[in-house]
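The next part holds the structures, each set out as structure tokens.
You will see two complexes here that share chain A, one where it goes with chain B and one where it goes with chain C.
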Partner chain A sequence: MDLQYSFSLAKLWSICGAQVIMLLSGLVLLFVEIFYKGKSPERRLSTIGWLTTIAMALALGHVCNKEWNLDEVVFMGAFSMEKFSAFLVAVVLMAGIMASILSIGYLKNNKIYRTEYFLLLAFAVYGTIAFVQAVDLLMIFITLEIMSLGIYCLAAFLRDDRLSLEGSLKYFLIGSFGSAFLLFGIVLIYGFTGEINLTKISSVLARAPFQHPMVLVALAMIMVGLMFKISMVPFHMWAPDVYEGSPSVVTGFMATAVKAAAIGVFIKVMAVGFGPVLSLSGQPEFYANALLGALGAYWKPILWWISLLTMFFGNLIAVNQRNVKRMLAYSSIAHAGYMTLGILASNDMGRMGVLFYLFAYTIMNIGAFGVIYCLDGQERHAQTLEDYRGLGYKYPGLSFLISLFLVAMAGLPPTAGFIGKFYVFAAAIRSGYLLLAALGILTSVIGAYYYLRVVYMLYMKDPVREISIPGVSVSTAVILIAAALAVIYLGILPQGLTDVADAAQKTLSLVF
Partner chain B sequence: MEHYIYFIPLFPLLGFLLNGILGKRLGKSFVSCVGCTSVGLAFVTALFVFKDLIGRPVEDRIMVDTLWTWMAAGAFKVDVSFLVDQLSMVMILIVTGVGFLIHIYSIGYMHEDESYWRYFAYLNMFVFFMSLLVLGANYLVMFVGWEGVGLASYLLIGFWYEGNENADAGKKAFIVNRIGDFGFALGMFLMFWTFGSLSYLDVFPKAFEMYEHGHLALNAPVLVAICLLLFVGATGKSAQIPLYVWLPDAMAGPTPVSALIHAATMVTAGVYMVARSNILYTLAPTACLVVAYIAAATALFAATIGILQNDIKKVLAYSTVSQLGYMFIGVGVTAYWAGIFHLMTHAFFKACLFLCSGSVIHAMGGDQDMRHMGGLAKKMPITYITMLVATIAIAGIPPFAGFFSKDEILWKAFNFPYYPVSGKIIWFMGTLGAAVTAFYMFRLIFLTFHGEFRGTEEQKHHLHESPYFMTVPLMILAALSFCGGWLGISPLIGHALGGVPNYLEHFLEPVFEHSQEIVATIPRVEYGHGMEIALMTTSVVVAIIGVLLAFHVYIRRFPELPARLREQYAVYYDLIYNKYYVDEIYFRIFVWPTYYLAIFFWKIIDVIIIDGIGVNGPAWLTQRGAYVFSRVQNGQVQTYGAFMLLGLVGILWYLLRF
Partner chain C sequence: MSGFETIVMYLGMSLLAILGMLLISHLLGPFRPKPRKATTYECGVPLLDPSAKRYSVKYFLVGVLFLVFDLETVLIYPIAAKFKDLAQLGWGGFLEIFVFVAVLLAGLLYAIEKRAIDWD
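Up next, the complex of A and B:
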């Protein structure tokens, strides 16, 4: 066997730097957690929490500090780092930082002082980053599992809460099911092409009769495995239970970072592995890849229906939810549907729109879950619509923040949510999916109804029971206000981010 | 130097932020000062812009102020930029000017309210969004304003949120407007699809050019579709059939809000939008016809409902719906300037009417039922006289403002270039509506200000004229209702008066230039001055008949004749009194099915299929407590998995079906 790849530490650091930082700091934290006792449980909790945050901030610094115009973007044929990956890694780390700061307050509110929470979060973030960077189907599978294991544990972190345990177990069981599909798809594609690296797979496929049933079955299996993580209908059923059961902050992280990563990987697999994108790279060996455009005729109609079902069911069922967390779970399903529109468009604007949408959605969603935990006090203390009645006057700051985040999710201007929706819909129309875009807009009208119902409860109804919450810590407040400002800023001056996202999506053709 | 237009929206925005953030702590005088000054400054800025605009040569009267690029991807680009031309100039002067007066009036009207600061913050927010809507240089900025004023309206309708009814009215307005916005958004997408831009300065010249070069036929289906979709948006915002139902309920908000948002400015946004897009509508005669017919039907239909309402504000609300119909007749029959002219005079007299009704309600201690009023003229002379002036104006009696604008619209409808026969029908409906308008408006005056007082002793004791903060705006608006129409005197009368020019039409002419060129190519019968005089006389005569009839029924033979008529024609009375049961019909047709569809998906798909098989869902789980693991394993998860498998099978079937 010849050595295909050459190993060098410098390359490892430059391409997988963020992963290395997260992994090492996770291991260091493991020891800190064992040996550091702290003056009080609260003190210990915040110290470990802040250390985790700092680790993520370092990793984010590593990502944001460079232009990512590397000569070689792939490390050992397994991980890549170009602007596209960098963008997603940054989104994941941003979600991680927000989640970890919010978690400190959350855990204190719930009087949980078990600090392994932050370790799990750090490893989950590590797994998510690696997942985003992976360009090799086997790595995709392994890192998906690393990410998921962390999340399963975090979901069950409320040990005495049945919903939390139940949700986690369901997630685990159904997750194994989904992974099995993914793995089976990988095996089939390996059987057909003899390759596990996406670029190699694509160049082999392009020269082979790629409309072979084996390829199509593999494609379907891989799509299902990823669509499960993105929670697209009908692979979404775990999501409401898990989102409702998990600790609010974890839900926020799951609904954003994990989804962002899965959507990123989905785009990468469909565009690089089974799509013609590499033919744009100018490399002779990928000229034939342009042929893979023909595969679109197979997967695009499927995605058309799945996008429609996802937008439709997500929004419609959310209407009848009384629990705000569960409602947001359905809404996050619907958002996955909107983003699918951008993927389906598979043009520059669509991919740019998806990236923008992911960024904006991450901020507003974690923001919303942050406010939910604040209003909740202790988990499941006050998270139904009835509990929110009249809170607008008792807690004006928090109420305003959640209203803003919900308005952004409803896609009303001048918020980032509007810009995101605009781009994915415009991209879909440009690619000729006029009907789907129209139906999508129709479902977003339903969306506006249930989002604004929360606002209506907050401001226009009298309270039925007394809700009192513990104080909101400064760090939590800073994160929430920063998120709110970002949501408005990106709604009014989105050009900075759209330029970055556009540059990012253009680099997909460099992943070889 | 055009880079100061943005100050017009900026001032109200700052006012909103100041009042919204600090208002609660800083007391009422601060709030009123900030609230009124911000709009006042916006008005002053608008005047400066006006001076600048007038000072330029006619062909150079377009000012664009681009702030930054909002969205851009490839060839697609949307700027945050403002455009001032003759049309937006007229609109912004109305919005900030009338808005300023209503802000002043609000100081008096709302002085006892606890949430004074919130009221002024919302009102400033409204003016901000309205100026975006009017000044935007492309459809997207307009849409932002369009949505924003909807939000402000929603918040202000539900301002007294203690009442469930008020909140429901807010919700209704919101939902009905969303339906309209859906159409508007689709229209925008289709426009982008067709012209590759949303900017006025790109789309309109391009449309005209494409028409001139034969790339775009007159009445091309895509244009008709764009225009009709945009008009769907307009029917929502501007309360036309079939989406007018929210406006009467919106009267739940404070009266100055009804005057500003639901009479003078926001509801006319649809008319402005059509006038703005005049070139597109002119190129789509079918769309024009639809607009004109819907408008005429609305004008007549709403007027008939107005006859029997007892709530003073409801009468004015239906009258607004009806008058908006006239404006749409104007823009529908390609007489765009006439629509804008009526928009302007209507802003004056309808704002005045609403503010007067507010003054009455203020004196009556919140009672809005005209059956309890009567004889108020002696107690509130200023309110009476100003309201009478505005009523004569709306009834269309010369030389008051409403006469000139309404008459211009009806004359232009009679001359509808594209569909002459329909034009006559629309003219007839409009003229009939004018008679009904005169009748119900004078019914309102007679019931409120004449005869004996019919309220309680306590109310009688409290009757008083309103403070100056309220009466001064009334007087200004009444003066405008009297003479505002002289800006647009038709050539016929102008000539008779010794050569008074039609200022407004000449001012607005460049905006509608291309439309007029296109219309001029349509062959049609020209009617002479004789016909115009005949029509003018007809409309004045029917208006006077309406007034006399009201006098007969509500003064001379009151209350015996109305009561007898009510008994004699009980069926018709009920039908009209209940507004033709439109709300009930909508409820049955639209609200119920949507509700049950949602319930169906929830109950059947989610509860029975997902939760029902095996376990009854998390609620039951928490109740029962134990056996979490066993139950998790024996039911739900299998279902979830089964669905995933079904999904996969579906996909595989699709892929391998060949």
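Up next, the complex of A and C:
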């Protein structure tokens, strides 16, 4: 064991506090789940759901309650908590809170009273937080698996439903395939450098010839492993089936939290682990230098094509979808493409744009899936475009909310989606990716077509069949309305969040 | 490729050892095949049978629970090997192992309470 990292409980609490809270409350919930009988299944479900929510809220409080500019941000070479991680942890916890509150209503609608759901969600959130905070490749792999295992089970939670089981199995098989790539990359980089800590890897790479084929293969493998989770285009095949099959709220969670975490780790690995020249020159250079590292020449052209393919493929195939969940699955692939643009730009504005985009995307996507579950009533009861015809007059509130979220995803002002896209594209243009940005804007015009088609169906078509939905619970309504207000607020006054995101991306160098 | 010669040698040696063992057992061992002996696994589920059939979920539950303890052993072994270094951490090292075992214990209690190892 390496003794240069001293262990102290205080440090564990200050750096990994959110994880500790989630893990402990997950363990407590295990026993609550066993011993708490409750008056009725509904009461039991909502009690455990709210307990999970409170645990996540406590963790979020721990993250937000502190100014993360300590000198020591790394815990035992395994976890770090600088502002960058704190931002992503906050996004993940926000997604978790929204998902767990929406889940209570969702499970009641579907008459599923198995409360293991919330345990799985709590542990999945724990894994996701740890994944974001990890600065050690082995820890990245382990936490990725914790996160994924929770999500695999959640995806199969409608266990009498064929599509849900099919999606979960596909996710499991392809997810394991992706993890194998990541692990093989880690093995190669460990074989070459003898280190698994990101900062140590970069300092070894700075001394050694980093153009060595083994390093490049390892870089490619690690990138591929993470791209499976982000669902970038050659590695996206699982996404539509999984997103369509899973319970709507779980889809919302995995389209946002998992994606946010994977993109955060992607940036972290690229900027910290494979930025060898930067680590030699030290921190000030890091701020000034626009490039993520000398290896950029190798991964940037690849990412250029992947970004282009992701944007085109996601948007073009979404046009042809009749199922709204499946359409949103393809749209989430397209959004991954826009975010890749920000990573590719790799300047301050690009990274800030990606963080902003992740925040906005989390709110609007979970909001959209929340409305989808409300309109659905029971899962797969009404989720095709035909079912949405004419709902705008029968359910004006829900229709307005989903229209707002979809308009935000299409990137129209004055919504948060527009600001996010603006920053990402502006950063790409500033870094000289003019053609890619132009093509990206073109694809987002294609995107507007299928987003607005849903709005068109809602308000301008006559219904073909009667859709009746059970009442929307107060907590769900509050979450959806809060999300809608946030989308509009961030679209009009983005300054607060951009400042936070900018401060967050600047602290990436503190991991050194 | 510094340091990788050893790995290549190791892989080569293990390949040779496997082939050697197969060869020796082929030469020396008696050959009396029975249908049951010819299957891939001596225990566990049959390898080839119709996919839509009833099977015992208990078998897989026990398998998963066994895996947990198997991994626990594997992960605690290195601590024994590095105990002297770990002892310098004081209570920290103890706490690490304790947390690990406590999490597993909570899982086990959960499994027992959920009647995962009751047979009917």
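Just so we're on the same page, the second predicted complex is superposed on the first by the 493 of 512 C-alpha atoms of A that agree within 3 Å, B and C clash if a C-alpha of one lies under 4 Å from a C-alpha of the other, contacts with A are read in each partner's own complex, and residues count from 1 in each chain.
FYI, a contact is a pair of C-beta atoms (placed from the backbone, for glycine too) under 8 Å apart; a residue touches a chain by one contact, two chains touch by 3 or more.
Remember, it's a predicted structure, so these values are computed and weren't measured experimentally.
> Between chain B (first) and chain C (second), which does A:191 come into contact with in this model arrangement: first, second, both, or neither?
Only chain C; A:191 stays clear of chain B.
> Please indicate which partner A:241 is in contact with in the superposed arrangement: first for chain B, second for chain C, both, or neither.
In the superposition, A:241 contacts chain B only.
> Pick one for A:298: touches chain B only (first), chain C only (second), both, or neither.
first
> Tell me the contact category for A:224 with respect to chain B and chain C: first, second, both or neither.
first
> Counting only touches as set out at the top, which of chain B and chain C does A:163 meet: first, second, both, neither?
A:163 contacts chain B only, not chain C.
> Mind telling me which of the two, chain B or chain C, contacts the most residues of chain A?
B
> Of the two partner chains, chain B (first) and chain C (second), which one does A:367 touch, if any: first, second, both, or neither?
Neither partner.
> Would you check which partner chain A:27 touches, where first means chain B only, second means chain C only, and both and neither mean what they say?
second
> What is the shared patch of chain A, the residues that chain B and chain C both contact?
none
> With touch defined as at the start, can you tell me which chain A residues reach chain B in the complex?
Spelled out, the residues of chain A in touch with chain B are 162-163, 165-166, 169-170, 173-174, 177-178, 181, 213, 216-217, 219-221, 223-224, 228, 234-235, 237-238, 241, 244-245, 298, 301-302, 313, 316-317, 319-320, 348-349, 352-353, 412-414, 419, 422-423, 425-427, 429, 434, 437-438, 441-442, 445, 448-449, 452, 456, 459-462, 492-495, 498, 502.
> Considering the complex alone, what residue numbers of chain B touch chain A?
Contact set of chain B toward chain A: 68-74, 76, 80, 143-144, 147-148, 151, 158, 161-162, 167, 170-171, 174-175, 178-179, 181-182, 185-186, 189, 192-193, 597-599, 601-602, 605-606, 610, 618, 621-622, 625, 628-629, 632, 636-637, 639-641, 643-644, 646-648, 651-652, 654-656.
> Once bound in the complex, which stretches of chain A touch chain C?
1, 3, 6-9, 23, 27, 30-31, 33-35, 191
> Spell out the part of chain C that touches chain A in their complex, as residue ranges.
Going through chain C, the ones touching chain A are 3-4, 7, 82, 85-86, 88-89, 92-93, 95-96, 102-103, 106-107, 109-110, 113-114.
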